[in-house]
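Look for chain A in each of the two complexes below; its partner is chain B in the first and chain C in the second.
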Partner chain A sequence: MSTMAIDKAGPSRKVKYGSMSRDRAWALRWSYFFLVLFAIFFLTPPVYMLITSLKSSAEISAATNPWWVFHPTLSNYVELLTSNQFLRFFWNSSIISIVVVIVTMLISIPAAFALARMKFWGSATLATGVFLTYLIPDSLLFIPLFKMLGVIQDLTGITLLNRWYVLVFIYPTLTVPFCTWIMIGYFASIPKELDEAAIIDGASWLQTLLRIFIPVALPGLIAATIFAFTVSWAQFLYPLVFTTSVDQLVLPVGITTTLIKGDVFNWGQIMTGALLGAAPPLIIYAFLMDYYIAGLTAGATKG
Partner chain B sequence: MADVSLRKVIKRYDDVEAVRGIDLDIADHEFIVLVGPSGCGKSTTLRMIAGLEDISDGDIMIGGDVVNDVPPKDRDIAMVFQNYALYPHMTVAENMSFGLRLKHYPKAEIKARVTEAARLLDITDLIDRKPKQLSGGQRQRVAMGRAIVRNPKVFLFDEPLSNLDAKLRVQMRIEIKKVHQKVRTTTVYVTHDQVEAMTLADRVVVMNKGRIEQIGTPNELYHKPATRFVAGFIGSPAMNFIPCRLEDAGGTLRIRLTDRIAFALPPARAARYNALPRSDRLLLGIRPEHLSESHPHLEPGVETFDTVLDVTEPMGMETLVYFGLDGTPVCGRVNPNAGAKDGAPMRLAMDLNNMHLLNEETGVVL
Partner chain C sequence: MADVVVEQGRIARATGARKGSSLRNTLGRKSTVAFLLTLPLILLIALLVLYPAFFSLYLATLNKAMTKFVGLGNFTFLFKRETFWMVVKQSCIFAITAVIFKALIGFIVAHFVHNIPGKKQRKWRGMLLVPWVIPPAMSTLAWLWLFDPSYSAFNYTLSYFGVGPIPWLGETFWARFSVILVNVWYGAPFFLIMYLAALKSVPDQLYEAAAIDGANWWQKIWYVTLPMMRNIIAITTLFSLIVTFANFDIVRILTSGGPLDTTHLFATWAFQVGIQSSDIPLGACVSLFMVPILAVAAIFILRDVSKRGNEA
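Here is the complex of A and B:
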């Protein structure tokens, strides 16, 4: 009876219940609102950098609209890209980041595989321990590390301080724990039957890792690679502490120490240098993003 | 090709015994099915044969050699998993040839074997596809192909059809049987589905709580179950168990089901059960197909009784009828034209020539 009554009242009162499409429309409007808001918030600094990099020093210090270029010039770019010093910073940063990525992967992948798959005594504790080391901030670590390098120098006579390649040994303390942690997660998501099938097919642990796990966990591997590269490329504190001579500097430290002389800021070149420095990670993201998102495990087991 | 033997095999996880001392001899070329409810130890047993689980005690022999400490890759076995476990980044051909490539077989031989297996399984057209482009049934065929190309001593199947829908399962069941008829490799097959077990196996091993309840051909298990567990597990709908006792009446041995219902036992059965104490608490085990509608010309040993049906289930070729005997639910199978209706009285006939008598306490079939 009551159902009948509601049915009769329905059309005359025109009660509108939340329809899927209406809910969806509002959800979309809010999404766009916040996305635009965040896009403006995050894109303003790089846009400002681009604008400033196209100005001459005179125009930067002139009291004109800072958001407009009246006399665009590429002189900042030309000066930096023809400066041996800047190219040296770039070279140092590139070599260090690439080597750090390789070193990190060579350590993280086998470590993650062992921790995710070879159940040995204490493996779970060790996995948590690996992650905990990541939680120690570099601002706490750099003093003992500096002391250690000093001790090594005293004992062996090998100079590591103020050499760019020392960073190749230092950065993995930041990248290895986190990359190992990411890879443990990816490896753990691979169905156990897959390595059992490989083992029965006659694969050794190493063959299982190289021919099954790495190809299947490629998205995770790329995520870890991007992370390791970004961390090494953008690292500021360690190179600031461990390297001092101009020819040993990396890009972030080089730009700030050579382009700021006392209280004179060469804003045009600083912005140009920062933009050029941001380019490599940006390019890498753009190329690897598709891989990063694509799931490769589809079809391994019942979907 | 090889025989497989298990000698007092035990598997312990910490202080829990998952497999409690199994003895099993599997002959060369034989198709053995391990069947039982989940947690009965059937998959653990299979994984121990594969070498994926260590054995806690006992011996496993393949082809006469003890393989307790032999790693899986050296046992010359192939396994098909429930969720297929295909390598997602490889094509069908690469999936099938992975094991051969690891063993550095000549390319020509790999190609020949893959082609032959693909032809056998009717997946020749799919050879260049990736697993994600295949349906569930096709993936399962590839998984079988991966096992076949290796030409191993033993095939191990771990619930290979559980992920398929009912229709495809029936189809793949027949495929598996056909493949076994052609390649004749010794096969150990694990399933929880008693229909799969009955249809595929040369011999079925019924397992329960880490032990073997009974080993036998499908017909033996069906007609001569050794325990209440086997009697209840094999057959669908399951065998009825009705509390009863034996009594003597005028020189004949009778079986009393309720105050109202008691039947004289057929002579062969009477001779078999005569020695039993009359005070024992017993169960009458009778399959639904031996409880059907009454008709005028009954054979000797078939007894009739009247009951009121609770529920009927028309299945098309037969109708299942459910009723109670002193509170015990009982299922029978009658002809769809016998006029069975929900809540209606009906005269049913019980074929005592096919009855089983069980000890209620021990569960042993007498």
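Here is the complex of A and C:
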């Protein structure tokens, strides 16, 4: 009797499992279907950039299918990469982003270390303040900063407006708060025993920071570095306001202002320039995706 | 846990007893060191964020030539202008619609990605995050080209379905639609990543328990997923609201505020008034109108962050 009952229960349970896995398989199929649709939506602009960048001006203005390249050519790339002006934009962007990353790290690592480990008067308020600063957008500050730079320029005689190096001072306001904030999170997650052991062994604060905190929190450091780089590379508003001469422009502003000559849009070159400008963040992302995503989610989940 | 605390206390007491004076010295030095370490940060925030913010308040009370104090004159002038109210309206439409769609798309796609097993999931996630990685100024150029009045690739495709050429950036409705579309395209991946991280943190047992209780997929989302993700949904939405409200790049490149100023946001209008027409006080005044909504969102975020801090 009992064996029969078990025998009966066996197949029926099997069917149940079967239907569940069939449900899963269908869910998976639908997921793929919709993901493909969304992937098309998300990837159309970059793919279209690539398609257009491989076309000659004649093909772009011809009434052919815009989604296909009939006569692929690299002339747009050759033209841009041999143009001193474009290389100048690229150079300006690179040097600014690299210096900003270094400045950001020099400011935010010590600050995050102090805020995470050394409780002092006002440290909690300061940490909150840092987070609040991160929420202040660039579009709120560009006008007063523009006026401030003008006033300082008049007072000291140092040319600040229309010089790329001034961006090196301004960009850290966008990168430092976030980097400090996520570094506080990473530093705070390091077990106290680790640095207590170092201090008992006679390490100074500087040694604890350099030998313990930085190596242990290296993933956070990489995430913060990537963030600082991509933010300064992509920044558009400040350079648009503060720089105007062609030799002082950074890539995003340079492409949008100089490649559009009068009413003639040289779309092949604009798309090539945009693609080349998007390349450094994309390459970093391709190789360091996990750190990139860690940095992205750390802002809201850590702290 | 208690053991560790006791042990720590004992160690501290022991070392304190052994070399009390040097410990006090270290403590004295410690706050000085801490202050010096945070000094660059404090200076940066004070000089390049706080000072400009208050300077902006001062600028907003000057006349155009910045020679005379006019009090709230700029504000009353703005209130009388029709364009200003249009900018207020469009900023709200833009930010609210875009954030809702970003959140919805992010939520839906996050579920689809979550369904994909293992290694493939990584690839899909990597692919779907691309819009967020490309600098917005660059990707907006691609959209501008896709929307081009005479060579629009969208219109070319739509003509096959018999849908007439759409004036993507030429008419108010479509221009507003386009700037929101581009913003949703750019911002949805951010929501996707945040929600995906949140989905992964929901324990499987909860879904199993719900399944045993006979919950359907909708009930699972409503009673398990959403409550578990509430915090992250709130913080992501508020954060995105701030960023979207203060958006500049997309509207500036796509329409420059046109047609007839109907797509202007606070940021782009402040740029046009303050920098291009060089009426700095009025521009500062316009951008100051972003402060109330930013402040409200910031207060809510801060409440959430400090709550999280207490839990940890």
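Basically, the second predicted complex is superposed on the first by the 248 of 303 C-alpha atoms of A that agree within 3 Å, B and C clash if a C-alpha of one lies under 4 Å from a C-alpha of the other, contacts with A are read in each partner's own complex, and residues count from 1 in each chain.
Going forward, a contact is a pair of C-beta atoms (placed from the backbone, for glycine too) under 8 Å apart; a residue touches a chain by one contact, two chains touch by 3 or more.
In this text the structure is predicted, and so the values were computed from the model without any measurement.
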| item | value |
| --- | --- |
| Partner chain in contact with A:110 - chain B first, chain C second, else both or neither | second |
| First (chain B), second (chain C), both or neither touched by A:247 | neither |
| Which of chain B and chain C A:61 touches, first, second, both or neither | second |
| Between chain B and chain C, more extensive residue contact with chain A | C |
| Residues of chain A at both interfaces, chain B in one complex, chain C in the other | 200, 296-297, 299-301, 303 |
| Interfacial residue positions of chain C with respect to chain A in the complex | 15, 30-31, 33-35, 37-38, 40-42, 44-45, 48-49, 51-53, 55-56, 59, 105, 108-109, 111-113, 115-117, 122, 124-139, 141-143, 145-146, 148, 151, 153, 156-157, 185, 188-190, 193-194, 197, 232, 235-236, 239, 242-243, 246-249, 252-253, 266-267, 270-271, 274-275, 280, 283-284, 287-288, 290-291, 294, 297-298, 301-302, 305-306, 308-309 |
| Chain C contact footprint on chain A (complex, rising order) | 27-28, 31-32, 34-35, 38-39, 41-46, 48-49, 52, 60-61, 65-67, 106-108, 110-111, 113-115, 118, 120-121, 123, 126, 128-133, 135-148, 169-170, 172-173, 176-177, 180, 200, 205, 230, 233-234, 236-237, 240-241, 252-253, 255-256, 265, 267, 270-271, 274-275, 277-278, 281-282, 285-286, 289, 292-293, 296-297, 299-301, 303 |
| Residues on chain A engaged by chain B in the complex (per definition of touch) | 191, 193-194, 196-203, 207, 211-212, 215-216, 296-303 |
| Residues of chain B that touch chain A when the two form their complex | 50-52, 71-73, 77-79, 81-89, 98-99, 102-103, 130-134, 136, 139, 146, 150, 163 |
